[in-house]
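First comes the structure, then the notes that go with it.
In order of appearance the chains are A, B and C, and numbering begins at 1 in each one.
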Amino acid sequence: MAEPGLAVTVTARTPSAAVVTDKAVTLLAWVLGLAAVALPMGILAFLAAHGARVLSWEFLTAGPAGFPLGAAGGIGPAILGTLALVGGGLLVALPLGIGGGIFLNEYAARSRWVPLVRFTAECLAGIPAVIYGLFGYSLLVVFFALKISLLAGAVTLGLVMFPIILIGTHESLLAVEWEYREAALALGVSRSYAIRRILLPKAWPGIAAVVVLAAGHAAGSAAPVMVTASTVLTRTGVTLDAPVMTLPTHLYHLIAEAVSFEHAYGTALVLVVGMLCGNALALPLRRRRH
Amino acid sequence: MTQIEPALRAAPLPVLPPLPHAREWPVEPLPTTALLSIEDMDTHYGTQSVLQEVCCRFLEKQVTAIVGPSGCGKSTLIKALNRTLELTPGGRVTRGRALFRGHDLYAADADPAAIRKQIGIIHQRPIVFPMSVQDNVLFGVRFHRRLTAFAQRELARELLERVGLWKEVNTRLDAPAAALSGGQQQRLCLARTLANAPEVILMDEPCSALDPTATRHIEALIAELKRDYTIIIVTHNMSQARRVSEQALFFYQGRLIEAGSTGQLFEDPHEPMTREFVTGQIG
Amino acid sequence: MSYASANTFFTPLHAAWRRRQWGELSLWTTTFATVVVGASTLFFIVGFIVAEAAPAVHDLSNLWGLLVAQPWEPFADPPRYGILHAWVSTLLVTVIALALAVPAALGVAVFAAEIAPAAVRNFLQPCLELLAGIPSVVYGFFGYVTLVPWFEARFGMATGESILVAALILAVMVLPFVASTAAEALRSVPGALREAAYALGVTRWHVISRVVMRRALPGIFSAVALGLARAIGEALAVLILAGNSTAVPESVLDRGQPITALILTELGEAGVGSEKYHALFAAGAMLMAVTVLINLLIWSLKRRLVRQHG
């Protein structure tokens, strides 16, 4: 995109006011752009500076100890709890999301129901996480009497993740050129064979990227699990019908009860590093698509 | 070679009545036993009409060329023959019939998948699947038949030899097919289609994306394959049509203008429009 | 004679059944089931929340009391449940956050789409994704250890938690979403339009402001709407930073309690089926209604964009 300079002709010149505005705006834009880069780096550096000294193998594996609870020891059970919740949630979200995306694009492709279902999914994706918490509480914890438990939290998280995965799968399948479908079906194979052998392998980097991002987002969200699954401390291991500790709720507990700021920095750093790893994983998957 | 849809094989070849709109052509009488025929067909893309009132025949074990300027509906016609027109968004046959050995391809109980197995197609731009060379060749076969791994490898070798690719790819059967050159990919697509043991092979401008050497390869293959298969080839290249085909159909703006043997169509066309096309004045 | 134009999405099912293709049949039915279950969760969620909220609003005067007249006093005698302080807090926090974030985000978007060289742009993109990916509770923590002490020192407050602090952090959280959506809208303006404008010899900013942004306006609106939806729905950061006071905030330095924070704080102590329980669901229903409306707006803006420019 060429940037025009002053229009140098014998009789005309770009009005100087416009040039000044242009330069001022360019400067402002650069400042904002650099701020947008500096902000996340700054937050990251800040957390690392204060939290790195807490990190150790013991911190990552041991349970909370000390008085008040959490001032010493580690966050091991919280990490396990988060992994269990996200894993369980994926068991719910993957079939709903990927299956839904496949049906929408392969079997119902030109039906007028597709925009409606897409709109439903986008609505669901936009509903605040705390509403999912309310719903999970009233339906799973109370109505189905699952109590505050890993199961209730996992299903709630699954519901949070599935719209994102459905939209991502649908988009990835849409991006596969229809000539592949034509060439495959022209050999007389069934749709399911073509989906299994050609379309899913072609679309899977995009699908994997969106699954990783959805899982990362769910791992960090405290609102849905706060009211359905989490507790301050578990002595038992991770089981389906017991509450679990999770990283984000543990961090909240450390702050709210003013237990230990050092450990809070450590927990926050673990959360952010985990999310960074997830993003780093998703990036090459998205690049491969293009 | 293999299993073929029993219903389609069993019926005897019908002797069809003369074409409607037929005129008296003085030259050699055309044989009236046709493998495939189209009766009074209209097709549309969405609301736009592409083919109108098309009636034509394709003779068994002959190469028929479909020629005409670009945009006259040639590709649409052959896609209608193996029911891949409906796979294109908006494409549909709105009137008329397509008969294969006397059976209506568009009947309510016709199975498009079985039809596509019997009538194969290769496209202008070779579409290779994201898998190895061997897996590409065996893609359709693995769906339609149960063969042992050994039989599959043997079949793949046989087909690759048939299309003249074996010497070039036998050391990289497991390499991704996308690594092959354009001409090699097109021959691979041909091998993949042959694996289904079709009776008819449709070719939609198979050489237009290839260089001259690759084009010669494909044309040599056509000359060899016509002993065993009925071939219908769409081409905008008149000299190619004269080289490879025995029968020819000339289309213009969605209508069939003239049909006849290649020699007659190109040397001594009956219709003035055909004459203009052959002498290069239109298209 | 059946022509392909009679296809519905049940056609592959009938075909598979007729031809005894069990693999095809089972794939169709399982994926169809997932679509049905998935799409119906929206109605379940809406239905449940509205059902549990209904007892709190059984008549109009009750609704007025809930929304405006009554304070939130669960320990008074009789206990009163009004959510005025909550939605006023949400409104204040959201408006301030957007007022700060939207101009900055548009500036970043213009930078990313029009001004930055490719190398900087490729670095900016992951940075925005990083900002967007930091969990809400970490943002709350960050604000708690940086802004809150600073406010306490600077303004001599007893505690630095306030609407303003929450709004500042919320602005940072919302910025990457608005910026990347707006940047995408700007990028989708066809290059031919820009070239035609430059060909008339005007400055770059002139082209951007008069031509590009105007053309991308629906996309920019939907970016702002997206920011609005995220700001309203944000829970943990405002829970930590806004102060959790049940009094209606009167200035931005007051403490408040947005709807999301109210729900998270009080739900654990609300007996199932009690008046407080239903009042909390009513607050949630209000939140959900606003969010769905905003999503409807975004969706119709996108459709209009597609219809106008193909």
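In this section, a residue touches a chain if its C-beta (ideal position, glycine included) is under 8 Å from a C-beta of that chain, and two chains touch if they have at least 3 such contacts.
What you see is a predicted model; the values in this text were computed from it and never measured.
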Central chain of the complex, centres being mean CA coordinates: A
Greatest separation from subunit C - chain, by CA centre: B
Subunit A and subunit C: spacing of chain centres that average the CA atoms, whole Å: 15
Mean-CA-position distance for subunit B and subunit A (Å): 49
Computed distance of Cα centres, subunit C from subunit B, in Å: 54
Shared interface positions of subunit A, touching two or more other chains: 110, 190, 193
Subunit B: positions in contact with at least two other chains: 113
Interface hub residues of subunit C, defined as touching at least two other chains: 7
Subunit A to subunit B touching residues, read off their complex: 110, 178-190, 193, 197-198, 201-202
Residues of subunit C touching subunit A in the complex: 7-9, 12, 16, 21, 23-24, 27-28, 30-35, 37-39, 41-42, 44-45, 48-49, 52, 104, 107-108, 110-112, 114-116, 120, 123-124, 126-131, 133-138, 140-142, 144-146, 172, 175-176, 179, 191, 194, 198, 201-206, 208, 229, 232-236, 239-240, 260, 263-264, 267-268, 272, 280-281, 284, 287-288, 291-292, 294-296, 298-299
Subunit A-facing residues of subunit B, complex: 82, 84, 87-89, 113-117, 120-121, 123, 125, 127, 129-131, 139-140, 143-144, 189, 192-193, 196
Contact footprint of subunit C on subunit A as seen in their complex: 1-4, 7, 14, 18-19, 21-22, 25-26, 28-30, 32-33, 35-37, 39-41, 43-44, 46-47, 95-97, 99-100, 102-104, 106-108, 110-111, 113, 117, 119-124, 126-135, 137-139, 142, 159, 162-163, 166, 190-193, 195, 213, 216-217, 219-223, 226-227, 248-249, 251-252, 255-256, 261, 264, 268, 271-272, 275-276, 278-279, 283
